[in-house]
Structure formats: structure tokens, C-alpha cells
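Notes follow the structure.
We just call them A, B, C and D in the order they show up, numbering each chain from 1.
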Amino acid sequence: VEPDASPLARYRAIRSTTEWLIDPLSAEDCAIQSMPDMSPAKWHLGHTTWFFETMILESTEAGFRPFDASFRVLFNSYYNTVGEQHPRPRRGMLSRPGLDRVRQYRSDVDRRMERPLRDGTLPEKALSALEVGLNHEQQHQELLLMDVKHLFSCNPLRPTYRPLEEPPATDPGDLTWSDFPGGSVAIGHEGNGFAFDNERPRHEILVQPFSLANRPVTCGEYLEFMADGGYRRPELWLSDGWEVADRHGWEAPLYWERDEDGTWSLLTLHGPRPVRGEEPVVHVSYYEADAFARWAGARLPQEAEWETAATSPPGEGHFLEGGSLHPAPVAPADDGSPVQLFGDVWEWTGSAYGPYPGYRPPEGALGEYNGKFMCNQMVMRGGAVVTPASHIRRTYRNFFYPHMRWQFGGIRLAR
Amino acid sequence: VEPDASPLARYRAIRSTTEWLIDPLSAEDCAIQSMPDMSPAKWHLGHTTWFFETMILESTEAGFRPFDASFRVLFNSYYNTVGEQHPRPRRGMLSRPGLDRVRQYRSDVDRRMERPLRDGTLPEKALSALEVGLNHEQQHQELLLMDVKHLFSCNPLRPTYRPLEEPPATDPGDLTWSDFPGGSVAIGHEGNGFAFDNERPRHEILVQPFSLANRPVTCGEYLEFMADGGYRRPELWLSDGWEVADRHGWEAPLYWERDEDGTWSLLTLHGPRPVRGEEPVVHVSYYEADAFARWAGARLPQEAEWETAATSPPGEGHFLEGGSLHPAPVAPADDGSPVQLFGDVWEWTGSAYGPYPGYRPPEGALGEYNGKFMCNQMVMRGGAVVTPASHIRRTYRNFFYPHMRWQFGGIRLAR
Amino acid sequence: VEPDASPLARYRAIRSTTEWLIDPLSAEDCAIQSMPDMSPAKWHLGHTTWFFETMILESTEAGFRPFDASFRVLFNSYYNTVGEQHPRPRRGMLSRPGLDRVRQYRSDVDRRMERPLRDGTLPEKALSALEVGLNHEQQHQELLLMDVKHLFSCNPLRPTYRPLEEPPATDPGDLTWSDFPGGSVAIGHEGNGFAFDNERPRHEILVQPFSLANRPVTCGEYLEFMADGGYRRPELWLSDGWEVADRHGWEAPLYWERDEDGTWSLLTLHGPRPVRGEEPVVHVSYYEADAFARWAGARLPQEAEWETAATSPPGEGHFLEGGSLHPAPVAPADDGSPVQLFGDVWEWTGSAYGPYPGYRPPEGALGEYNGKFMCNQMVMRGGAVVTPASHIRRTYRNFFYPHMRWQFGGIRLAR
Amino acid sequence: VEPDASPLARYRAIRSTTEWLIDPLSAEDCAIQSMPDMSPAKWHLGHTTWFFETMILESTEAGFRPFDASFRVLFNSYYNTVGEQHPRPRRGMLSRPGLDRVRQYRSDVDRRMERPLRDGTLPEKALSALEVGLNHEQQHQELLLMDVKHLFSCNPLRPTYRPLEEPPATDPGDLTWSDFPGGSVAIGHEGNGFAFDNERPRHEILVQPFSLANRPVTCGEYLEFMADGGYRRPELWLSDGWEVADRHGWEAPLYWERDEDGTWSLLTLHGPRPVRGEEPVVHVSYYEADAFARWAGARLPQEAEWETAATSPPGEGHFLEGGSLHPAPVAPADDGSPVQLFGDVWEWTGSAYGPYPGYRPPEGALGEYNGKFMCNQMVMRGGAVVTPASHIRRTYRNFFYPHMRWQFGGIRLAR
């Protein structure tokens, strides 16, 4: 998606990407909810459509009538301002409406959205909501892939989402460190182009001098941590993390499986295969990232540090558009500067997700988009291999609970 | 299904009935598990087929090769003798194999079953397993309808499984009592025709004189119980029942919903509609049946009493073959004798489900069919409107946990 | 307690036995609730006193005033007829009233009870309630010991309740079988002397010929079951039992602990010590008893069988009065007839606890004593080493849920 | 406790304060655990003593022998470096060791501690651990009062911990605002005197201009929030907070009870009494504090803001030494500057508890004191009415999970 394309072009491109993501899936694949945190693909299809219908058409279309009045509740995620919601943990109960009906919903809303987009008749406020809606749909593209991966991991048949010819191996090289001077720096979004409310306001913050690793931690390094008793040594762990790891019997990242010969395999959206030492470790919780960092004599970066370091053009990482749906290594930069800050894996920061000084949520329903989640979660930065490249930016703040592992979370060390 | 039809004819008839039950369902309807006790329709399709493949073809087919080796585990319900099982509460995770694939499985096994059935080459032991398999599939036909009803009840769209033109009203008349002399009576299956192991051995038992109600309790009578504080008076309840009712906030049978005007509606497989005073109450737990009986100054019958009373030809009840999928009243008998002992609702007895004196489970996998469940459950008798008429008999013992309500359970009083 | 002693003498004897049971305990020992099923000793002291105050003094004492109005709720166990109850799982929250205060309560009620008992002025109905109250207090004596044992088992210091000099070893001999002819037999209480409502009415029942083991299963025999994979072979277990055993990781009876050398120790109220092969196994659930029986090619007796067999004077078992609080072997009878039917361990029967034909609970609060528990539990017979000898009789029906292990439950085989 | 008193004097003063706190309690009061987050008073007594024995005597006493070897595990809270721990949720199972025995433990360790303190023979490192131990015991004094309050709240008799003559009413006046300029400020401990590791290192931070309320929110103001639907309006709440409040049915602060006439009472350690409009609201969770602030058009202060504002000498708040154990109002300052920043209620900040830049936990067991809890908790500042005055300071960082309410948490608004 070209960022300077017309709204209509971008609408079409993003909407059709979602359809493309559904292609390999059966109606059944799209209906099942494999854990309360995930949503069925069909629900993502409906909800992203609901967003445009509710946030734009409802207030701009003459004689607005919803495609189906019941969808207002069924596909409302968490907007109390809009009204009641079908309970999140019961999204998997909805065999009806069927996938076909939800696709009709998409077509219908697309038809009704395209008209004013073509005619250029959307008012300013709706255009602003459109930007949110497009970014919102991109977020759900990533969620959809996370969720399908989880669903397939629950199936002993180990289905493959999309086959992939393996890319040639890349050597990420040894982990090296880059020094940054810190000082009073500005972080947050500058005001040009789209950004979510939680990236604002841009503000000054004091950052102490720090060093950042030149690349994410690899599976090979993580295997060393495991071999050194990483999952059995409480002194490496936050207290809450130790409790969670113990309760769930964690002994490796999510989707890793020990083979009979003691080696490890992992599940990818392209099917199961052996773990590769050179690839970035992914599907670790904050607790595991933090414990790994402590074991390595380092720590996780603060989000201001990360954003400061990400000013220089980063080396190439992999995004959704690349076709592969599993993180892969990137060759090191000649000057040793950090690469792959963007793409492949979301990088856990040591920063609790909270409001920037002076933060104000927008008026209306969109005020519920980000602000009410500013507690108990940790900031992640940089986007992953399942993130659309056009969706990510330096100031982008993603956030997850520290125990969560089904997102594509990896580790960048700081010290 | 004519009981004296050929095995092949009966195999075809029963298998195609299952297919007919699936007709109104989408692939998504067949995939979702709405609670741990229920199974997706697709799983029922696969499991009943697995039964024939595993219990008959595996031991009789020359050069036996399974249709799909993974199905041996996926569709094994609880037979430890056969091997591992996909965990019951995770049957709803299986978007793959898809419905189409499971139907191929059915076709393939049908083809392989029909050959020896046509040629009459099945050995005695396999013919005996065939009888079990056919009765087993009939049990799953009923389960499938119970489960679809539950799934649809979780959907705020309140889907209809099959539309139905309403039958004309029948007046069941006032509840009257029939006296039975008791004495030393024989219960259990006589040895002619098929019966499950738990119906054997036939044995003598002393039954005291008793009276039995001429028909099941109606919704009208149950509404009186509710209006009289039935759900708020602990003295009417078993201690365990009171605890369960309190924890779940029960205030009416399952699938009843209070309308805004205070009247009650209920869900049927034909869609939601108002409760009718004259129809048998259904979807009550043992605890509710027992509390109702205490409130009415009566009790539930023992299974030996029920079986004794069911010797005389019963008045017509409704079964699966009748087309309606919700219990309906039956006109009283001229002589006041009990009617509707069979059909419409399974009747809770006051008998704990246990082995008859001298009971021995069969050798091999089929020994796990009934015997290992002989604890904590209560016997139900007579079959329901979702039971195939050809499946039920006087000595038939069904069993459910006393808190369960999603089966078609109703109340017959004794004293 | 002599059964033909005067009510006053029996009241005093039973009440002071309870005091004697409390002697080794500190106020703290008496206050803590170690699981929801057990009650703190202080609560037993209060509740048994509450029983006399509420069921007798309240209706017979001129100008009755309760010792403490709040105790009516605090010490009500489950009598809805009496009124509200302090929630059972929160009995351990009550640091106040303190033990001293509860003992004052006992003294006060004793004083007020003794007067009419001395004067012989209690009306018939109160005398009948007195019998219930005395038997009730004896039941709580046993419960108190069960509960203290559980509490102490939760303490890593492994406290001893009472030290005991070990009795000399007795050889119980090999297990042999006695044949019984069955036929139409009468069971239930005859009407002379005290019995609980659940032992009535006496009624005829048909019993098939059966054999009964001459003694309870020993620890040595149970160790063979364990060594033969008893806890790892699902085919030996009821389905519900297997699920419970798996969920809790059972691999031996309750209170057994594997020592570092692989041998087993067990906790007794006299402290921990090694398991002895010749002693009766105790603290097994119904599920374990049933699995053991299946492994042994036998079954558990029905309660009618047990009661039939218990007519002949039984060999000596051990009771509360004997001083030892752990089951011990008894020498076999010369004629091989069953011994130890009474005492040492409650014997699980294969009979679900239900009402006898024609059973009616008493009017009023005492109607809640037994009847409302007639579901989901199994009958146990014969009394244990913690049961007062004067409390038990042939027709006595005890009952526990099949998963429970903290009562002194053992195994008698039948076939 | 005078801060410049000798170590011995301070040891004696602090240890005897703990004894004084136990005075009103029975052995039973000291033994019971009313929820997993709280500890029995007896455990506090043992654990604080264990701290001195393990952290000081073990490494300094010639021929060290523990008072009781089992206490090393029983009274270890969470120090994996020291070894195993008795599980926290099972601290209430320990009727033994009894209270007397634990007091002997205290006396014994006191005797052994006082000798080197008198002789001045403790090495530097032990003196440093002594400081931690004394502050640690003060923390447990506050915990002990929190925990007794919770225990007594679970008792329907509503026990009083200590009677108190009510102080005369004080008018806290209307809430007013003070402006602070912000800028680059230093926070954290300067290095003189004792401070916990989590208060270090002192570092510069940019603070934007802000205003702070002159006093904590009162119950009167909180009642307005409640009357305005504060507990029923999701738009006021963080998403996690709404979920918690809904699940637990919160409709007022902890320990508030609605009287029959609709007014509110609350429990204090001096007994129950009506809520007073002028007193600071206490026992609110972070979620409630945050929702209140949003309702009031304000927010909670960041900890750097709070610490900046707390430089000027604060108005008098109430501490443990004052005798009252419930927060009370303080008269406003003449110049309108903030009062009561210290004392009465811990003030929730909007800052997630994390490490200061450059934070390093100490070596050894004491490294587990604070660092491993730096996740999922929110910082509270200023101390409460149950905090020893000598324990608190400007840089002091307390921390609790956002759902917790049993600590004395209140609300100071910022904007």
C-alpha cells in the first residue's frame, strides 16, 4: 500500500489484503475460537467491516440502514460508547452468520464505502476515521494470522496455512553493541501523517547513555539460555513470571516442541520444522524476554531508548508483504549499527504501557481505542513478519500483557 | 427401521438417517463445541464411522488399511483399549478434517461395510458388533440433536434447525394415578433381540405396591411449582441440587427465557416460541425433577417400578421419526392407564445407575461401553422425541449426571 | 457408654468424651480449617452444643434465652429450617468466639441440659431429640478426629495428636471367602432402640447368593495392586474415578508418603511411621476401593449383602474406646467366618446412598438430618477405629462421596 | 523511634512495637489466614525474626545454630537464595508452632541480637542488613494491621482490634490546587541515611508543569462519585478495572457496608461506624482511584510529580504512633499548599513500578527484596495511618497490584 495513494486505492488495497489472508482457510477454520484471547477469522472479517459501517457510514450515509441490525452487537469488540457487545470469550459460538453471509457484509459495506470515496464526499472527520479504520484493519490482519496460527497449533494434524519455499540461509553474525549518547530527546509522533492517539503528544524525555544490541536474540542464543537452566532458575525471573512459567510448565517458547531425539521443532504458518539457530527467537513472553536478558547480563530497552535508536534508517527486516510468515535473520550492517529494528519480531521493551504526558483520548467511540488499556501491559516496538510494512513506524506503540506469547514477540537487548 | 429387516437394509437406513440429520447444518454448525459435554456434529459423524471401521473392519477386512490413520485417535471417544484419544473438551478445536473430508470417510467406510453385508460374510462376532454399532449410531443421532440445540442456544441469532408446521393442540387431561401391585418381578432383558450389556442379566427384584402417574408432568404444572417458589425453597431440594441451582442461578428449565412481559418462552429445534401449559416439561435436571416431585407430595419412580409398569402396551408417544423435535402432549387412555411411557421425554427415575446383580461387561473394547460409567449417574427410561423409535425398549437404561439438563429429560411421578 | 445407662449418664459420658478428644489440642489447632470439607475442632464443639440448645432447650426451657444469639447462625451446619448459616467453607475464619468462650457455651448448655435430665422432666419428643443429639455428638467425635488428622497432615512439622505405645503385631492371615445363601432377607432397623431415619423402614429385599471376604484388604495386598500398576491402568477404574485420580495425581492412599528409599510411610494420629503389610488399608476413596476390587477379580458388597453377613456376632474390631486411633489387624476366626465387619475401617459398599422403600424424613428440622443427602454418595458400613463402639450397629448407614478419602474408609471384597 | 538512636535502642524499640501490636490478639487471631494475600500475625512474628536470624546471626554468630531448623523453611517468605519456602497460601495451615513457641523464638533471637549490638561487634555488612531488617519489621507492622483488619472483616461478629475514643472532627476544607513548575528534577534517594534499593539511583527526570490537589479525596467526594454512577459507567474505567469490578461486584470501597437505610458504614480497626464525609477515602484499588480521577476531570500524579511536590515540609498526617488506626482529615494549610502528603493514606500514583535507570539489586538474598516485583504493580507514596512515622520518607516507593484494596490506599488528584 503506497502511503500517498488515494484513500480509495488504499481502502481497496487493504480490504483485498484481508480477503487474500482468508483464501487458504475453510469456513470451519474461520469459525473456531481456540482460546479466549483469540478471535475466529470470521469475526475479524465482520468486525473490521463493522468498524467502517459504524464509524463512518452510520454518520455520513443518507438514510443509513445497517446491513444487519444484529451485527451491531455481534461485531462490536469493546466499544461501550457504541453499545452492547457479544461477549469476547463466546465469539467462537457463532456458527451463524456463516462465512458467506459475512463476506456479503463485506461486499455490501465496500460498495457503500467506495461511492463517497470515489466521489470525494466524505467529510473531514470521516476521513480521519477512515485512516483509523484502515490502520485498524491492518492490525486485524496481523491478529488474524496470530489467531490462525494458534488455532492450527491446537490441531494434532498440524495443518499448514500456506506452503512456502524456504529462503536461503542468512548469517546474522555475532551479537554486537552500539552506543547511544542519550540526553534530552523527543519521542512520540510529530504530527505529520497518521498516528494513533497513544503515540501523542510528542514530548521531551531524559535518556541516559545506553547500548543496544545490533540484532534480535537468535534461537541459538536462546537454546543456550535453556541449556543453562534458564527455565529452572528463579533468580533469573520476575516473581510474577516465575509463577506463570511454573503454573504452565513452560520450558521453551510457545510453539516449540521437543522431538524424540531431544532436539526442538517449532510450528510456523508454513508448517512444522526444526528450530534454526540463526533465526530470531519468537513467541516469547515479556517474562521470558526479561529472564533471558538478566541471564545475558543485559536488560530490555526502554521505549524511549528504542525510539531514539530507530531514527537512523534500519536494515531490512521482513514484513507481511514479503510472503514468508516466519521471522528470518538479516545480514549485519557493515558499520555494526542495529538492523532489523523493524520487522520480523516485535521487540519487548522494559516500559509499562501508559499515557504520554498530556495524553488525551479522542472524543467519542474512538476514545476507547487505546486509552483504556493503559495498565498492566508492556510496550512492544518495531513490527513483525506478520505486520504490513505500511502499518509500522518509529513511534508505533504496540502493547501486550507480559504473560502473552501468541503474538510475534522477540528480544532485543540493551544495557 | 424395521427391526426384522436385513442387516444391510438396517445399516443403510440408520446411516442415511444420520446424513438426513446433518442436512440443515452448515460446515460451521458442524464444527463448533459449545460446552465440554457436547460434541460437534462433525465429530459425531466421524466417531460413528470410526466405530464400524475399528470394531468391525479392522478385524475382518483382508489387508485392512484405515481411511486415515490419524482418525483412530481423533474419533476415539473413550476406549482406552483401542488407544489414545483426542481430549473430549477439545473436540471443537478441529477445523480440520473438514466436513467434506469426514463425509468422504463415511462414504468410504460405508462402501467397505456394505460389501460383506451384501455377501453375508461377516462372522458372528462382527455381526454382534454390528448390532452395537447400529444402536450406537442411533444414540449419536439423539446426541447430535441435543448438541445442535445447545449450540444454537448459545447464538443470540437464535437459529432454527428445521422449521415445522405446528401440530394441532392435544389435551393431556388431568394427572391421574394407576396402582401397581408390585411383588417379586423380573427386570432386565430377556435375551431375545439386541440389548446393551447394562440391561442384563434379567433378575428378580422385590417391588412394593406403588402408584404411577398416567402421564409426564406438564409445563403448566411446572409453572405452578415455579410460582410457588419452587426454585427458592431449599426444603424441597436435595442438598447437592440446591447448591447447583444456586451456583448457576437456575430459575426455570434449560432453554426457558423470561419475556419482557413476565411470561416464558422456550427454545425448540424449530425455533423459539411461548411455553405451552399442556406440553410435557423437558430439559430439567434430576435435581429439579426430584424437587418438583417433593413439592407435589410424590416421588420419582424406581427403575424397577417403571419397567414393571411399562409391560402393558403404552399409549403413543412421539419419536424422531415423527418429524417434530419437541415433546408434545398425548391424549389420556380411556382406562386411565399410563400413556407416553415411551417417547417425548426421558423420564428420570430415582435409581442410581449401577450394575445389575451378576453384571459382567463384555470382553475387549466394548467392555468400556457402559460399565465404567456406573457411578454418580441416575437412570432415565423410555426415550424421547429425539430418540429413534426403533432404538428404544422396556429394558433400556439411559443415564445422566443429576445436574445435566441438555438431554430431553422430563418427569413422571410415582408414590 | 452403656446403652442402658440413664439419659443423664449417657449425656455426661458422651459430652465428656468430646472434651477428652480436645485435650491434646491448642486453641490454634481448634481454629483452623484445612479444607472446605472439614471443620475446625472448635466448630464441632460449638455445633454439637448448638444442637442441644436449639433442638431441645429452645422448645422446653421456660423463658429460653440463648447463650449467645449470634451462635444460632455461627453454629448451624445445614438446617435451613432453623435459619441462616455461616458458610461452611468459612468456618475457619472465626478466630472469635475463642476456644474459651465456646467451652463456656458448652458448660452453660450442659448445666441447662442436666437439670431436666436429672429431674426427668423432658417431654417425649425432647427425649427423642436427645437420642439424636447424643448420636450426633458421637458422629462429630469421629469427624473431629478425621479433621484433626487432615489439619496435621497439612503441617510440615507432622504433629502427633496423641502418642501411643505400639500394640504387638497380629497376623490377619490369608484372605478367605465365606458363602452366603442370599434369598429374601429383611434389612433396615427393627424398631427397638435408637436408629437414624435412613435405616428405616425395615423391608424385604432379594439377595442373590454371594461370598464375602473374611477380613478387610491389607496394606500388603494394596501394595501389590500398586506394584501391578493399579494407579496407571484405566481399565481397572470407573471413568469418573480415573479422572479424579489423574487430576489429583493419586498414586497411593491418602496420608501415604513415599520415602527416599522408595518404601512407604503413612501418617497416623500417633505420628508418622512405615506402612505395615498386615494392617488394613485405610483412607482410600470409593474409586480406589472399586479399582482394587476389579483388579482382584472381585467386587464391593452391596449394603444388603453386608447387612446380611453381619448378623452373626463379628470378630473383634477396634473402636474409639480402645485408645489406638489407627486400624490394626484382627486374628482370623477359627471357622473362617468374616471378622472385623465392625470397627477399624468403614467398608465401602457398591450401593448408592438412597432412601429405603417407604422412607419418610421426620417432620421439622431433623428432617434435614439425612434425607437431603441421598444423591451422589455411596454407603459405608461397620464403623472405624475412630467410631465410638456404642454408636455403631448392623443397620447403620454411613455415606460419603466416592472421591472422598479423609474418612477412615477401607475395603471388604465380595463376589 | 528516633532515627539517630543507637542501633540497639532502635532494635529494641521496633521489636517491642511489634509485640505491642500483638497485645490485643488471641492465639487464634494470630493463626488464621483469611485470604492468600494476607499472612497470619504469627507468621509475621516469626518471619521478621527469621530475617534477623538468617540475614545476620547466621553469618556472624560463632557456632551458629538455628533456634529451630524447620523455621528456615516455614518463615522464609520468598527468598529463593535462602532455600525452600512453605507455600504462601498455606501459611494459615500452621497451628503449630504455636504462638508461645514463636514468641520464644523472638526472645531467643532478641537475646542473641542484643549481645553484638551492645558490644558493637557487628561487622559493617551486618549493620547494613540490620537497617534493612528494622525497616523490614516496620513494613510487617503495617502488614500485620492490614491483615488483622481483613481477618476481622471476615468474622460476622465484627471484632474490634482496639477501642478508641473518637478524636474531635476536623474540617479538611474544599479541595484546592497547587501549581508546580516541573522541569528537570532529580528524584530518588540521595545516599544519606537508609533507603531501599528501589529508591536508587537518584537521577534526573523531565517533569512537565502540573497541579496537585491540596489534600486526599474525602469520603464525601467519593460518595458523590458513587451517586453519579461511578461504579456503573464503563467509560470512567480502565478496561482491566471494569472487568475486576464487575467480576467482584464492587460498588464501594473495601470494608464499606450498606446499612438498611441506604447509608454507608465502614469497618475500622476500632470497630464499625458510619462513613464520615470529611475523612479521606481509603481501601480503594488503583482502578477505583483512576476511575474517580477521570470522573473528576483529573488524573493521578506520576511518582516524580509527587516526589517533587513533597519537598516542602508537609502538613501533619497521622501515623501508627498516633494511636488512631483509621485515616482522619487534616486542616488545610494557610497558603493552600498540599498537606497530608505523608500519613493517613498511601496515595496511588499513575506510575508503574519499575527500576530506576541504572538500578541494580544488591548481591545475595537481599537482592530479592524489591527487584523481582518490578512488574504489574503501581507505585504508592507517602505512608498511611498504619505506617510508622520513622519508616517513611520522600523517596519511599511502595507498590501494590492495581486490583488490591486491603492496604490503606487513597487518592490524591493531579492535573
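Observations on the structure shown:
Going forward, a residue touches a chain if its C-beta (ideal position, glycine included) is under 8 Å from a C-beta of that chain, and two chains touch if they have at least 3 such contacts.
Only a predicted model underlies this, so the values are computations on that prediction, with no experimental measurement involved.
Traced through touching neighbours, the fewest hops from subunit A to subunit C number 2. With centres taken as mean Cα positions, subunit D sits 59 Å from subunit B.
Each chain gets one centre point, the mean of its Cα atoms, and the points for subunit A and subunit B are 47 Å apart. Averaging Cα coordinates per chain places subunit B and subunit C 38 Å apart. Under the contact definition stated at the top, not a single residue of subunit D touches 2 or more other chains. In terms of inter-chain touching, the protein chains here make up one closed cycle, each touching precisely two others. Those residues of subunit C that touch subunit B in the shared complex are 78, 80-81, 184, 203-206, 208, 234-235, 237-242, 286-287, 290, 302, 350-352, 354-355, 357-358, 368, 372-376, 402.
Put simply, subunit A touches subunit B in their complex at residues 26-32, 34, 42, 70, 73-74, 86, 90, 92-99, 151, 154-157, 159.
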